[in-house]
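These are the structures in question, set out in turn.
There are two complexes below, and they share chain A, which is joined by chain B in the first and by chain C in the second.
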Partner chain A sequence: MEIVVNGVYLGAQYALIALGLTLIFGLMNVLNFAHGQMFVLGGFVTYGVTERLFSGLHFPLAIAFFLGVIAAALVLMVVGGLFERLFFRTVINRSARDESTMLLAAGTAFLLDSVILILFGQQQKGMPDGQKLIDGVFSWGSVLIAYDRILVAGISFIMIVGFILYMQWSRTGRAMRALAQDKMAARLMGVNVDFYTMLGFAFGAALAGIVGGLLFSVTGINSGLGDPTSIKAFTMVMLGGAGVVSGAIMGGFILGMLESVLLSLLPLIGLGDLTHFIIFASLMVFLAIRPQGLMGKPWG
Partner chain B sequence: MKKFFTLRNTRVVGFFALAILLLGIVPGPLILAKNWYLMGNFTNVALLSLISLGVWLTFSMGRINIGQGAFALIGGYASAYCVSKLGWSFWVSLPLAGILASAIGVIIGLPILRLRGVYFAMVSLTLTQVTTLLALSDTMAPITGSSQGISNLPSPPALTIFGMTLIPSFDSLPDTKVGFYYLSVFLLLAGFLLMYRLAHSRQGILARSLQQNEELASSIGVNVARLRLISFAISSFLGGIGGAVFIANLQSISPSAFVVKDSVDFMLYCFVGGLSNVVGPIVGATVLYFAWDWLSVMGNYQLFIYASAMISMMLFLPNGLLSIKIDGLLDFFNSKKQAIADKKNGAKAKPSKRRK
Partner chain C sequence: MLNRKNFMKGLSVSAFALSFGLLSMSAAANAADKVLNVGFVGVTSGPAAAWGTSNVRSMQTRADWLNEKGGVKIGADTYKVNIVTFDDKKDPKLAVAGFEKMASQGVRYVVGPNTDEGAIPAYDVAMKRGIVYFPYAFAKQLYTKPNAPAYLAMIANYQSGPTIYKWLQANKGVKKVAFVAANDADPISQRDSGVAAAKSVGLEVVDGKSTYKSGTTDFNPILSPVIKKNPDLLVLSGVAPAAAPLLLKSARELGYKGIISTETAQNADELKSAGSAANGFISLGGASTPELASADMKEFVKRYTKKFGVYDDESNTKVYALEYIIGVLQANPKAVDNVDEFKKTAETFSMKNPYIKGNMPMTFVGKGYFGQKNQIFVPMVVNQYENGSFKTLFVGKVD
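Right, the complex of A and B next:
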């Protein structure tokens, strides 16, 4: 039972990460290598703001933290928007092959990595004074979960639902969905393609930043997390189907659940360190049967 | 469509083959000057280029391969295991490493080569990570030595066939590095010629047709799946060989020998050099390797400058370094030849067809 709850907690966060990636992918056909780095940057911005407000200005921790997460979202939004405007748009316009954006994406990942290293160093950072957002552990029968995890999972859920509603009902969301479906048609219908592409990239980055901020409150953050996070996000997007919002959410929850279940069951038979190998192997078998992922359009 | 057996292309190939051969002559002064450091760098560049050539091959058929690090790691471990645990000669383990990497490439390639574009890129990236994790795991420890890896690999012994010494024992050389230098330059030359032959053979041209339109290619009777699998097998073979030599040169292997970053690097070498020419990955590897090396004096800002340079290169030269010279030269030569041909035919010189 605890495994399942843990899986839901992991899944909510993973889904949020995958959402940002799939949004960027759907809109621009760009594989954002720097997604994990954006996640880490979000965590560090949250850390910086929380630390300053809590220790320097003596804000209550919860308020300092939420301001930190909002700051992370805003900073990442600006970063994402600038990246799109300055780098990706130019290259997409000039390059002969679509894949060339991959080099650019890898370049931006390196750039963010170096910026994070220069600004924040290599140390692991956690909540100031080692405090928790909410102390205590929720227990119900055999289930034991720390309250802060529940809170983080809850916020992630609200974010996911909010994001879906926003994409479904708002003017911006409609424009973005139109863009993801058919760029030319959207342009003909009077959608400002350039603006909404930029906005989409900014949103995707902001989502990564928010998860970084949320996760920071539970497990802390360090500069080495970028690549593994990107890889996990890729796995989820593969599972669910690239560029599809529902797919990203499903992929996130499936991966969270798989990780939680396998990590607690496999050690029982002495194979705990093979968890990720088994996940990958099953991913390959799955892709052999269904190459476009669960919800994806064929060939994305 | 460019013509591939024009005079100019033969010259380019000859030029680069010569340049690589020259690299083989360069160590003379380097050995005399005992500049092992520079020679070591050249060795690494040659090996990295060899590994990237495989990536280039998968690129040429429209697959973005970010899994080459996995095959290099597999090759490295295979060779290290054979040499250290089984006590075999390095020269036996080298082809074995390549064959094993290529066999695994086929097994993995069967399901995932059907994926396209970004899908394939994502899976291959995951593959690298999983291989690293697998090498780290305790379950595989009897073979891989877990996080400590395998160290103290002996340097390659002499290779004798029928009493004739083909390759002297590396220990007998003034420095084992010299042996590795020659070996890697030779392998790169062989790999380059093979790849050039391949790229301009029937198979290579078919592979390029896959990059443009797979359905069309298969509809005119190209066995798409088989073609992809063969290319991927060759690619992982090169990865395995390169990894094995790399490991032997380092004399030790650990799971961190080839990680995701290396896989991304191999892909970047191809991009930076340019995807339209076999020489691309070699140029890219040379430029990026030495750029990284020279920037190390910048300390903390090394990665920052490197990344900025890469981004600005992308902004101004999105089709790779070779895109400037090669295309320009090509136009230049073609227009000249055209002019000569026109003169011979007594026709009016047509305006040269330039790419916009």
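Right, the complex of A and C next:
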């Protein structure tokens, strides 16, 4: 049971991370290699704001933290929007080759890594004095889960549902979905393609920043987390089907559950070292059989 | 016979002679500003950055201090000390590149690398290119080969482990121990040494196989099965400073009440991010211990803090490697350009320890572990973290 609880907790984070990546891919056919770095930047912005408000201005911790997460969302939205407007749009308009955006995305990952190191340094950062949003551990039979994890998982679920509803029912969401399906047709129907593309990239980056902020409250943040996070995000997106929202969510939960199950069970038979090997080997086999992922379209 | 042609030839010869004279004068002037380049190759970015950063800062602080006093007198010459650094990012290929760079710049003495992964591949470059280096890495093959160019610069976990476990056995009633390590060469190696050490002092090892992937941030799924085996002591083998707060937080959150320790150096500033969960954490530290610290050590700490704004406790032991390099060169000036002379002199070298009150001379040690003296003596101080800073638990000695 504890395995399932941990799997759901991990899955919610992963799903939210993957949503941002798949949104950007769906809109622009761009693989945003800097997604993990955006997650890290979100964590650090949350840290900076929380620390300043709580330790400096003596705001209550919960209020300081949530303002920090909002700040992270706004900062990443601006960063994402600027990246799309200044870098990606320029490259896409000038280059006939799709691979150019891959190089650009890798370059932005290095750029963000360097900026993060310069601004925030190398050290692990946590909540002020290691405090928690909510103290205590929920205990039920052999299940132990800290209340702050329950809170973070709950917020993640709410955000996933909110994202789905927004994409389904809002004017902006409809415009983005039209864009993802057929850019030319969307343009002909009067959709401001450039504006909604930038907005989509900004939303994707904001989602990464928000998760970075939420997870900061549980596991802290350090500048080395960018690449591991990007790798996991890509794993989920490929598993679920690139560019498909429901695929990203499913991929996130599957990866979360797999990790939780394997990390808990394999050590019992002396194979703890093999957890991630098994996950990635399984992924390779799966993609060989079904390259488009669980919910992806065969034509890509 | 003087004509235009002969005159011009004479003039050019004179000009050449004059130029040579100026060059000679310039060369003579340079002799007063000799530079001793000492290198550092190690990790200054990533989760283990605290290890390499404290090395660089220690060396720079000490070098500045020596240069302020006019430099270091070695034989008939006086040298300014210059620290040349290279970040190997804990990548073996970069460590090799770092050593090649040092060799190409004429640097013969290198502090670091901080891990086996860097120190092992650097061995061949050091041998071929005439470098002596001071790894913070525990792999015994670095130190056991004849004429080895590597000198262990800190206490290895297979030296400190037995001492710590015995102390905990005697003073805290520890009987059962579990080990958790990152799935990397160094932590796994330290875990295996730790398991052997624990068994050798009669402890029951209830879990010696649990691992996590580098970069892991959520340790609950990993620690939960370990903690259910009820160890009295949980050893975080080879844990990187950035990962320690997360592991501590997870362990306490899961209800673990026992002792948690490691044999790597830790960083008090980073441990703060775990809050009270880090209290009681045992690790190897430096010798700013009041009972040990000399006036020079206090001066070093003061200068370091002023220069960098914070103090890394383990810098107390990180400063020693540079001191040994300079001390041996002073004892045998021929070693400046010839590392074979260094190795020869290291056999019998001894000098007063400027950093410690009382009599603990700086000498080369390690015969009991490596069959030869390929280790520098540094004090073994075992620390316990408490509310933001390290306290000395005890000062041990290597058996």
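One rule holds for everything that comes next: the second predicted complex is superposed on the first by the 299 of 300 C-alpha atoms of A that agree within 3 Å, B and C clash if a C-alpha of one lies under 4 Å from a C-alpha of the other, contacts with A are read in each partner's own complex, and residues count from 1 in each chain.
The rule is simple: a residue touches a chain if its C-beta (ideal position, glycine included) is under 8 Å from a C-beta of that chain, and two chains touch if they have at least 3 such contacts.
Worth saying up front: this structure is predicted, and the values here are computed from it rather than measured.
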item	value
Touching partner for A:R177 - first (chain B), second (chain C), both, neither	neither
Partner chain(s) touched by A:V137 [first = chain B, second = chain C, both, neither]	second
Partner chain(s) touched by A:M238 [first = chain B, second = chain C, both, neither]	first
Which of chain B and chain C A:H276 touches, first, second, both or neither	both
Contacts of A:P228 with chain B and chain C, given as first, second, both or neither	both
Comparison of chain B and chain C by chain A residues contacted	B
Chain B versus chain C as contact partner of A:L117, first or second or both or neither	both
Partner chain in contact with A:R187 - chain B first, chain C second, else both or neither	neither
Touching partner for A:G126 - first (chain B), second (chain C), both, neither	second
On chain A, the residue positions that both chain B and chain C contact, one per complex	117, 227-228, 270, 273, 276
Touching residues (chain side chain C, partner chain A) in the complex	44-47, 49-50, 53, 183, 207, 209-211, 213, 215, 217-218, 220-222, 224-226, 241-243, 245-246, 249, 253-255, 267, 269-270, 272-278
Residues of chain A that touch chain C when the two form their complex	2-3, 6, 10, 117, 122-127, 129-131, 137, 144, 146, 215, 218-220, 222-225, 227-228, 259-260, 263-264, 267-268, 270, 272-273, 275-276
Interfacial residue positions of chain B with respect to chain A in the complex	59, 64, 108, 110-112, 114-119, 121-123, 125-127, 129-130, 133-134, 136-139, 260-261, 264, 267-268, 271-272, 275, 300-304, 306-308, 310-311, 314-315, 318-319, 323
Complex interface listing, chain A residues touching chain B	25, 29, 31, 33, 87, 90-91, 94-100, 102-104, 106-108, 110-111, 113-115, 117-118, 227-228, 231, 234-235, 237-238, 242, 270-271, 273-274, 276-277, 280, 283-285, 287-288, 291-292, 299-300
